[in-house]
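Two complexes, one shared chain (chain A), two partners (chain B, chain C).
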Partner chain A sequence: MLHNKEFPARREILPQALTEITAEIKKYFTDDKWINRLKVAAEEILVNIVDYSGSEKFYVSCDFLEDEQTLRFEFVDEGELYNPLEEVPEVDIDEELDERQIGGLGIFLYETIMDKLEYHCDDGKNHLLAYKKLV
Partner chain B sequence: MANYLTEIGEVSKVKLHGHIDASIAPALMEELKPLIAQKDKVKKLVFYADELEYIASAGIRAVVFAKQKLGGKVQVYLVGASETILDVFKMTGIDKFLTIQDAFTE
Partner chain C sequence: MTVTVERNDNIKIIALDGQIDVATSDQTCADIVKLLEKKPTIIKMPKVTYVSSSGLRALLMIAKTAKSQGIKVTYAEAVPEVVDVLQMTGFIKMLHCVPTMADALKELGE
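Up next is the complex of A and B:
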């Protein structure tokens, strides 16, 4: 179980964090496609925290909401207060590749993969909650 | 070095392998730069993905970077990718600009 597990906010730590997150995902999801998608979503959220928040640490929780049959992640950082859901870049997946902006794919992916995302700040920390119902 | 780029020529080859996450993708991007620098000799670029276990947007961006820098005349292939790998490419729409094959055939 992951409960407010602390990790240093560095890119080289991401594989370790993702290994622990993936172990949680596999407790509830059996389909390889969805296990991989949720891992990708978690990575994209963490990359934004590591690269842009300025936080030295991040915290990950993962729990399963029985009534809703939903896996819930919570990502917390102590960086600059910022709601990533306020400025979701538009990605047109039909746009010609030569004209594509190379940024914005990460948030597009986690918005596409997750059923619901919620942001709040509490005690001066950013909290991003991400939900995925069992499929 | 992670040794992704295996050949530069008319048919240039990149062997993707393991996990290409945000901590690894910069190494892939670096390895693609000599290829971009010699883009005049490249007619096709083949990304072999049969040993690729995981890719996230940072890795996809490296593929997009190569395609954009090489220009529209260079055909880019993604060969041998598993369903889970293809799924990520399809979510981003990048698959439409690649030639997807199980085994490379010109």
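Up next is the complex of A and C:
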């Protein structure tokens, strides 16, 4: 079980964090497609924290909401206060290669994959919650 | 991530083995870009088990570099989980991803 587990906010730590998150996902999701999608979403959220928040560590919780049959992730960092859901860049998936921008894909991906995302700041920390109902 | 040249005559075939994620995407991109020559290229993906958004950025960089050098690149044999992410982002069409090596060779005129 992952409950507010602390990790140093460094790129080389991410594979270990993702292994632990994926183990939690696999307790509830059996479809490889959804296991993979949720891992992609978690990786993107963590990459943003590590690369841009300025936080020295991050915390991950993962719990299952029985009533809603929903897996809930919480990602917390102590970096600059920033709501990633405020400015979600538009991504046109039909754009041709020349027009495609390198950035902006990450938030698009986790917005597409997750059912619901919530941000709040508490005690000077960024909290991002991501929900996915069992499929 | 292992990057191997499987064939290099009139067509180059580059085979990938591993994950393209935050830990490997920069090196994978650099390795593939270094291997690009002025000839049609197939990037073989059946052993790529995971592509994250960092991986997608790497694939996009490779495609843009190849195009700027006039090199036609086709991606082939991606596994269903990878195809799913490529489809979600429109990359499947934009990068000319095809199901089989036969399709890729046909796409490149062989």
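The rule we apply is simple: the second predicted complex is superposed on the first by the 135 of 135 C-alpha atoms of A that agree within 3 Å, B and C clash if a C-alpha of one lies under 4 Å from a C-alpha of the other, contacts with A are read in each partner's own complex, and residues count from 1 in each chain.
Methods note: a contact is a pair of C-beta atoms (placed from the backbone, for glycine too) under 8 Å apart; a residue touches a chain by one contact, two chains touch by 3 or more.
Computed from a predicted structure; not experimentally measured.
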Following superposition onto chain A, is the placement of chain B relative to chain C best described as a clash or a fit?
-> clash
After superposition on the shared chain, which partner residues are touched by A:L129: those of chain B (first), chain C (second), both, or neither?
-> neither
After superposition on the shared chain, which partner residues are touched by A:R11: those of chain B (first), chain C (second), both, or neither?
-> both
Answer with first, second, both or neither: which of chain B and chain C does A:I93 touch in the superposed model?
-> both
Name the contact category of A:L2: first (chain B only), second (chain C only), both, or neither.
-> neither
Residue by residue on chain A, keep only those touching chain B in one complex and chain C in the other, then list them.
-> 11-12, 14-15, 18, 32-33, 36-37, 39-40, 43-44, 47, 91, 93-95, 97-98, 100, 102, 105-106, 108-109, 112-113
Chain A contact footprint on chain B (complex, rising order) | 19, 21-23, 54, 56-58, 60-61, 64-65, 67-68, 72, 83-84, 87-88, 91-94, 96-97
Quick one: which bits of chain A touch chain C in the complex? Just the residue numbers, please.
-> 11-12, 14-15, 18, 32-33, 36-37, 39-40, 43-44, 47, 91-98, 100, 102-103, 105-106, 108-109, 112-113
Interface with chain A, chain C side, in the complex: residues 21-23, 50-54, 56-57, 60-61, 63-64, 67, 80-81, 84-85, 88-90, 93-95
How about chain A: which of its residues touch chain B in the complex?
-> 11-12, 14-15, 18, 32-33, 36-37, 39-40, 43-44, 47, 50-51, 91, 93-95, 97-98, 100, 102, 105-106, 108-109, 112-113
